[in-house]
Amino acid sequence: MKLSARNILAGKIIEVKKGATTAHVRIAVGDAVITSSITNEAVDELGLKAGMSASAVIKSSDVMIAVD
Amino acid sequence: MKLSARNILAGKIIEVKKGATTAHVRIAVGDAVITSSITNEAVDELGLKAGMSASAVIKSSDVMIAVD
Amino acid sequence: MKLSARNILAGKIIEVKKGATTAHVRIAVGDAVITSSITNEAVDELGLKAGMSASAVIKSSDVMIAVD
Amino acid sequence: MKLSARNILAGKIIEVKKGATTAHVRIAVGDAVITSSITNEAVDELGLKAGMSASAVIKSSDVMIAVD
Amino acid sequence: MKLSARNILAGKIIEVKKGATTAHVRIAVGDAVITSSITNEAVDELGLKAGMSASAVIKSSDVMIAVD
Amino acid sequence: MKLSARNILAGKIIEVKKGATTAHVRIAVGDAVITSSITNEAVDELGLKAGMSASAVIKSSDVMIAVD
């Protein structure tokens, strides 16, 4: 599958924290850590857990820019 | 200013391409390049141009996860 | 590649309209037509054109509900 | 009320699952099932429950495209 | 039609600027001006123009918080 | 820090409700109340609580328009 999303950042999952319906998954990408908020169902279906290789996928229209 | 957004990735702008109303800004962050789609007005107001230090800012609920 | 996005709706592209930087792609999914706004770059990289099979991918947190 | 959102997909609610603050609502639309993540407050205010007619509303800029 | 979106801010359109595919619409809401980026098609279908009453509609998961 | 987001609405926090992983923060902005759904971690890191001055930050591409 190829995606239109311009940002697919490969890394490794370092934490999966499930809530009542929403989970937070943290992925180490290079020197950065990216936090993702997804459904518990997605965590279960993909079998996400710490140590797995995974990518953060972000649509360009969801990326803002900040400058000092 | 401090932001609730969990993902603020510092890097350097490598390209700014303005369209009729929407601009695409590409930022090198570590080994990755992140594409952002923002308004032309934001580009002008922040004076964004290639070579500037800038950060990509992404809300956690806009980050998906992909696995092979 | 498997995605955390809960909504992957298979259909057929019926129109691709590129603007200066942003393109609109319309996909027929069952009896519905779904409009997607993505970058021109994504259209070029994926070679999107009318008649192709493609899916609309939508994160659950981007879906609202309306009732009469 | 008329909305700028291009994607308003009529269907029937098949499941409402409330969490601590965030609810997941699933709507059958044609042969597809669409998952929506919204606030518990919205579920209560609209009185959402399985069996109700409802529409999934999605802004075009939140729709990605995938191809095989 | 009732919407799950928690933020429906009534105001008056003060500017509509169409691009090649994407339009920017500015709405005065109280003392604030809110900028919206939508499709040209939505502008045409709703007949949006300066002076019209309109509301800005925003899903809660798209609202960040900033503090000094 | 300056942001590309076009909508930064200054107000005062009137309620913070934390869930299992996701919090809802309500901000009074002029005569309106804006609801934001963010991570519990952001609430803790920014020390958000009722009575604080804060701004709602919204990217233009996340703002829809409604008309009667």
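Here the chain labels run A, B, C, D, E and F in written order, and each chain numbers its own residues starting at 1.
As a working rule, contacts are C-beta pairs under 8 Å (C-beta built on N, C-alpha and C of every residue); 3 or more make two chains touch, one makes a residue touch a chain.
Just so you know, these numbers come straight off a predicted model, no measurement behind them.
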Q.
Touching both chain B and chain E, which chains are there?
A. C, F
(Q) If I average the CA coordinates per chain, which chain comes out farthest from chain E? (A) A
Q: Report the inter-chain centroid distance for chain D and chain F in whole angstrom, where each centroid is the mean of the CA atoms.
A: 22
**Q.** Computed distance of Cα centres, chain C from chain A, in Å
**A.** 21
(Q) With centres defined as the mean C-alpha position, give me the chain E-chain F separation in Å. (A) 17
Q.
I'd like to verify one number: the distance from the centre of chain A to the centre of chain E, where each centre is the average of its C-alpha atoms, in whole angstrom.
A. 29
(Q) Touching at least two other chains at once: which residues of chain A meet that condition? (A) 1-6, 19-22, 24, 35-39, 41-42, 46, 48, 57, 59-62, 64-68
Q: Sort the chain contact graph into one of these: line, ring, star, complete or other.
A: other
Q) What are all the chain pairs that meet the touch criterion? A) A-B, A-C, A-D, A-F, B-C, B-E, B-F, C-D, C-E, D-E, D-F, E-F
Q.
Which stretch or stretches of chain B touch chain A in the complex?
A. 3, 5-9, 24-25, 27, 29-32, 34-38, 42, 46-48, 52-68
Q. Which part of chain C faces chain E closely enough to touch in the complex?
A. 17-24, 35, 37, 61-62, 64-68
Q) For chain F, which residues count as touching chain B in their complex? A) 1-6, 36-39, 41-43, 45-46, 48, 57, 59-61
**Q.** Residues of chain B that touch chain E when the two form their complex
**A.** 1-5, 19-22, 39, 41, 59, 61
